[in-house]
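So that we are looking at the same thing, I have put the structure below in structure tokens.
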Amino acid sequence: MNITLDQAEKIIIAAKEKSIALNTKMNISVVDAGANLVAFARMDGAWLGSLDISLKKAKTARFFDMNTGVIGELSQPGGALYNIEHSNGGLITFPGGVPIKNEKDEIIGAIGVSGSTVENDHAVAEAGAAAL
Amino acid sequence: MNITLDQAEKIIIAAKEKSIALNTKMNISVVDAGANLVAFARMDGAWLGSLDISLKKAKTARFFDMNTGVIGELSQPGGALYNIEHSNGGLITFPGGVPIKNEKDEIIGAIGVSGSTVENDHAVAEAGAAAL
Amino acid sequence: MNITLDQAEKIIIAAKEKSIALNTKMNISVVDAGANLVAFARMDGAWLGSLDISLKKAKTARFFDMNTGVIGELSQPGGALYNIEHSNGGLITFPGGVPIKNEKDEIIGAIGVSGSTVENDHAVAEAGAAAL
Amino acid sequence: MNITLDQAEKIIIAAKEKSIALNTKMNISVVDAGANLVAFARMDGAWLGSLDISLKKAKTARFFDMNTGVIGELSQPGGALYNIEHSNGGLITFPGGVPIKNEKDEIIGAIGVSGSTVENDHAVAEAGAAAL
């Protein structure tokens, strides 16, 4: 099962609404089951540097089928996955990347959000993922 | 002047409609005046390899403020710009990238389309750019 | 609003003067609002390795519209943005990168300086940014 | 012998003057004997994509101590250096890159210019190199 463009666009709409509700400006990436970009939106005035971060968060979440923040806990100095960020052309392992599941609980893609605090980034990613 | 997300999303909608009218499946990238991605959509079943090509076409069109196919005529063996594709992390110089102008004829971004013949790619890019 | 070459050259002159006053040899990069290089100078005898660092500092400051050292405080082990340096082709997050504002307080670019202690790098970047 | 920043800045001033005389907008890179950037200027409104091309032209001219256009004649299909552009992270082998010599005819660096036709690019590079 793979995410469709229609589903990805619904997710981006939901993420934009949550971002506006939080008074933030976000970069929002949605990747498919193959970790390839399906849809993207950069809100006016959002940080330029967050473009790549939102994409890397989405990819990271799908690469390992878990929230990016979970990986970040394991990649700290002394941790089991120390510096895993060096793989795959660069991972981002702080919060803001979340797997996307269909109604059968199958992972069909992931969303990555960047542009504010990691708490806000994660909240917007969750709102996006919950839109299906 | 720089393109807004609203404008970029209008352009993607128009490009998708043209793509459907041509019975094709496209990757569609819209970049801003700084050649950074603003919005993206990959239609269901579109070639995976066209994702990067659509982005590079959009960047190339903005990097030089002209249609990508014009550069491709100059970059042939023996041409004035032979192998210019090795610059900027990789250019794509066949048709499908078109600058986006506002009503004052200022370039505010560019669109890149990939997924079919270069004739179809260019037609969809033109339809997108004309949506403003 | 975007920085002009005239403005960028004034900034580099001011940064060179401050660098000489501090008895240092610097690499100085000025990028525009799109994080693309506008002007650069490497003082005679400055570290070669600081060339790329000065550019990455300038880009980093514009990518997130803040001093690079602020990001570096958040990217430490255990910090909210741990290993953010893996994004955008490589960030530099210690001091020496500073956003450049015009008289209306709009960010129009950024300066990145590298070649001495981070305190000196930051002082020279501040002197450059203050020249407008 | 190596180029100084003072010399590089004189070269950029001369190149800018020639560029204005030709009614063009150029990206101008000056590298030292080690092929590392010493000074750079992007004139207001110059093509964004020419930033990287000007730098690659300057590096290419110093890498092989000859005008870039000479290499481009040898890198054509069937030529002795076919596709040499794939080396060194990307070469640019059409005109616009010229070695810089001191009064003893020693090569101390190179200039690369991009932003117009290859004839104009080369003329501006020559004007810059002749400034010493």
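All chains are identified by letter, namely A, B, C and D, in their written order; residue positions are counted from 1 within each chain.
One rule holds in what follows: contacts are C-beta pairs under 8 Å (C-beta built on N, C-alpha and C of every residue); 3 or more make two chains touch, one makes a residue touch a chain.
Note that this is a predicted model, so its numbers are computed, not measured.
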item	value
Labels of chains that are neighbours to chain C and to chain D	B
Of B-C and A-C, whichever chain pair has more C-beta contact pairs	A-C
Distance between the centres, which are taken as Cα means, of chain B and chain A, whole angstrom	25
Centre-to-centre distance between chain C and chain A (centres being mean Cα positions), rounded to whole Å	29
For chain B paired with chain C, centre-to-centre distance based on mean C-alpha positions, whole Å	32
Overlap residues in chain D, where contacts from two or more other chains coincide	48
Complete list of chain pairs which touch one another	A-B, A-C, B-C, B-D, C-D
Residue ranges of chain A in contact with chain B within the complex	4-5, 8-9, 32, 34, 36-44, 48, 51
In the complex, chain D residues that touch chain B	47-50, 52-53, 56, 72, 75-77, 83, 85-86, 90-94, 117-118
Touching residues on chain B, where the partner in the complex is chain C	33-36
Residue numbers on chain C that touch chain A, as the complex places them	34-35, 59-60, 62-65, 77-78, 80-84, 86-89, 91
